[in-house]
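A, B, C and D are the chain letters, set down in written order, and residue numbers restart from 1 in every chain.
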Amino acid sequence: MANRKKLKSEIARIKPDEIRVHGLDLSRDILGRVNLGDMAFLEIKKRLPTLQESVVFNAIAVALVEHGVSANALAARLTYTGAPEAIQAAVAAGLLGIGGGMATGMVSEERKTGSMENAACMLQELLPEPKAHVDLDALAHRVVQDYAKTRVIPGLGHHYHVPIDPRTPRLFEIARENGFYGPYVKLMQLIAKRAEETYREVLPINAPGAIAAIASELGVPWQIVRGITVVARAIGLVGHILEEMQYPMSRELQVRAQEESGTYPRGS
Amino acid sequence: MANRKKLKSEIARIKPDEIRVHGLDLSRDILGRVNLGDMAFLEIKKRLPTLQESVVFNAIAVALVEHGVSANALAARLTYTGAPEAIQAAVAAGLLGIGGGMATGMVSEERKTGSMENAACMLQELLPEPKAHVDLDALAHRVVQDYAKTRVIPGLGHHYHVPIDPRTPRLFEIARENGFYGPYVKLMQLIAKRAEETYREVLPINAPGAIAAIASELGVPWQIVRGITVVARAIGLVGHILEEMQYPMSRELQVRAQEESGTYPRGS
Amino acid sequence: MANRKKLKSEIARIKPDEIRVHGLDLSRDILGRVNLGDMAFLEIKKRLPTLQESVVFNAIAVALVEHGVSANALAARLTYTGAPEAIQAAVAAGLLGIGGGMATGMVSEERKTGSMENAACMLQELLPEPKAHVDLDALAHRVVQDYAKTRVIPGLGHHYHVPIDPRTPRLFEIARENGFYGPYVKLMQLIAKRAEETYREVLPINAPGAIAAIASELGVPWQIVRGITVVARAIGLVGHILEEMQYPMSRELQVRAQEESGTYPRGS
Amino acid sequence: MANRKKLKSEIARIKPDEIRVHGLDLSRDILGRVNLGDMAFLEIKKRLPTLQESVVFNAIAVALVEHGVSANALAARLTYTGAPEAIQAAVAAGLLGIGGGMATGMVSEERKTGSMENAACMLQELLPEPKAHVDLDALAHRVVQDYAKTRVIPGLGHHYHVPIDPRTPRLFEIARENGFYGPYVKLMQLIAKRAEETYREVLPINAPGAIAAIASELGVPWQIVRGITVVARAIGLVGHILEEMQYPMSRELQVRAQEESGTYPRGS
């Protein structure tokens, strides 16, 4: 095995009588002391959160858990009905649609909706060093110019939550109360303000935009921001699979789609 | 690495100027000479099929490709809309529902429908050595007794294709024409006959039952029989994803489900 | 749409200015007030946890997050490398292996390991009504008799964490401190005691067994217990995908497997 | 349901006594007459192939089935071991890595490898109307100029199959023999010629590049080209799962990775 790269992982160390995660003893330091959101923070930041970070991180993750009977929930429910013995597969099927198409919105006015990952990428590329002294308004101005052709700035606007996404002010309030109302949040707000002025449209920050800004404040790399959505939606999907066990809808959905689409011609 | 088990795979050997699959040179022996079903046969049986085996194996695989707007197709379409940049994920989502729940039928009369894997398992456990001289009718009688309580014998009956699954006689005809109308097919037919007599119901062999019997004739281990369905459905799912690109239905489905279920209250 | 079953979901109600989950206003009642584990509790129990329930539920979920470089983590890492633009697919791939095979243990002595879902099913079927006055020891005795042939009682023994799984005493301590040291925990412990006496082996309760008992105390139906594992592992998988971005191991793993298994003959 | 878009699917029509796929009677017109590759052609092109199209389409699909112990095969094998009762999930896990990262090559010299989908997109965007009278060499020249900065033209070069990918000449030969050696193949070859001259490197057409050109000749839209890979790899993954049942490697892989990476410290 000369010239071989060594396999390396620093996440866990497991002995017969001890399990350590990022250096912490699972039984002594973690269990009973931290919540599930803190554990996700530990996986991403490789240290436990402070009390303030815990509140803020849990809030942005919690905000992403539940979206009602979404396309993801339907995919999970349909899969559960086909393979009820494998609910991991139903959750996985529901997660698989968390891609770029999510950014295009649920219903129609796709133009106004942007995605969390893209917003976080935009913010972190604009401001790689949050403590740097930079002119945030100049950055905002530049963004609005750069996006002028498409006018689709990630994190702005919503086709349904009009005039304002009810999660956004609350999330910013939580960030402010806990000391995370910093340059990324301000930059996002300046971008929204400049965009509204320039495009002469109502373009408030949507929840993905707010979460992207707050995640950036917490130092979450944009490359893993989608991971927060994935984890949160997995929780929501478990709720939908449980409801599907109790009041199924997937078979009905399928039969209707088969009849209406022509697969099973009516009357046959 | 003392005491280590060596990793071993006999499927492929790849050199800069040559790719071999189960000993055959891909460019010289395979490409242009064999079809996709033969290649699946090669993966499962580790040799190419005879001409007769090729016709029979392709027929059972082809029979499983398309089921119209099924739950699997809907899951794939919903996932495609969420992640159009990752069609492998849409196919995967559609495949994930190919589990035990498929056996319970599409619509309602779940009692009569059985699954292909269970039927193949039943046949191969009853008759582990197809060339053995055994009393097939006695085996059929035993099965009907064993299942008397539930009366759900895998491979028999259909809630929709009444009185007969149109695929079954054609598949048996193809098996007969190619020399694969052997003991597993006969056993399946005897089981159907005995079951109809004993339960006094119309219980013809459904397509999964016919395919299970024919796959057993071809020497496909029941443990991998579900793999044929998975491969075949992957092909059908690609067709549904392509149609979703051209005439989408998943967004409409989602909006209707959201409104009717109460997620988005009407009028709000 | 005569004769049609109405689609129904009671999880979420979404209006332009308000999002409700199980009746609670997301912005007002949930964000900033509850953590991610509480949100999972809300999805499963349809109400928020008490403070005690929160501590206990978060502890069992947190205990399941991280298992180091497991098969699931490897599947996620390998998938990430193939599709880095779709980390939802990498998480999904990692989750797909959370099936019955997990129960067979990581390394070798499969005989002693059981699974969480099976343990929860066993406990809840033995004791469907936790407040009933029943002879728990008699139930334990019955279980040990029923499993005497295989001696594999779910939730007992561990091939690696010998003599005791370090998570188990801590989880039971947390349950006790918060008032959830009830009949399911006692039944699990009596089963372990009886099994050790009868089979004359060291068979302590493993972490899945402890979690199964505590989840039963919390009233989590065994049918959805696997969902807790799925959610928890999704969090751990995000950590592994992030580490794979930083110190990749999957390409090295693949090259070694290809060479050793013979796919790429050495020297070619 | 006023203002609702009607759900529409033209793929299948299913009646109790008849199953039609794109207008063809499954039992009468398809079973026993067409092979699995033809069925995939039918799903994509909505008509059966001619004999020549059948040979060519089957060849490109067959060429993609098997790649030995690849990252995808490992993900499928690891998943199978965790969930042996759900082989659909193991296949799905293996498929999930068929993303943009595949384009970066198996081992190291990522610079030279491109992807099939990108190559097909490049060719079809350059030449939207294959029968048009255009100067192919001028198009090739333009491509080489456009890509001059990165020098990574999709479909050219291979890190391992040096000096030439053994599949490419055979695939082109099959295309020529069957009348599909048309403008897309010629354009791909001119691009390779121009690139070699301009970049002064050996940059032959790799198998994905050849398949992309031939798929374009067959009129397969580039948007669904990845679907051919997905279907083909599903077949190969079934072979690897079957081999994993017979000679498992995934547990050994996992144990080694756990030990070497530090998860399970040696000696503990």
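The working rule: contacts are C-beta pairs under 8 Å (C-beta built on N, C-alpha and C of every residue); 3 or more make two chains touch, one makes a residue touch a chain.
Please read all numbers here as calculations on a predicted model, not as lab measurements.
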Most widely separated chain from chain D, with each centre as the mean of CA atoms: C
Centre-to-centre distance between chain D and chain B (centres being mean Cα positions), rounded to whole Å: 23
Distance between the centres, which are taken as Cα means, of chain D and chain A, whole angstrom: 31
Chain C, residues touching no fewer than two other chains: 7-14, 16, 68-69, 83, 85-86, 88-89, 92-93, 96-99, 249, 253, 257, 261, 263-264
Graph class of chain-chain contacts, one of line, ring, star, complete, other: complete
Residues on chain D engaged by chain B in the complex (per definition of touch): 1, 4-5, 7-14, 16-19, 21, 26-28, 30-32, 34-40, 42-44, 54-55, 58-59, 61-63, 65-69, 86-89, 91-93, 95-99, 160-162, 164, 166-167, 169-171, 173-174, 177, 221, 223-224, 226-232, 234-236, 238-243, 245, 247, 249, 252-253, 256
Interfacial residue positions of chain B with respect to chain A in the complex: 68-72, 74-75, 78-86, 89-90, 92-93, 96-102, 106-107, 249-251, 253-255, 257-258, 261, 263-264
Residues on chain B engaged by chain C in the complex (per definition of touch): 6-16, 83, 85-86, 88-89, 92, 96, 257, 260-265, 268
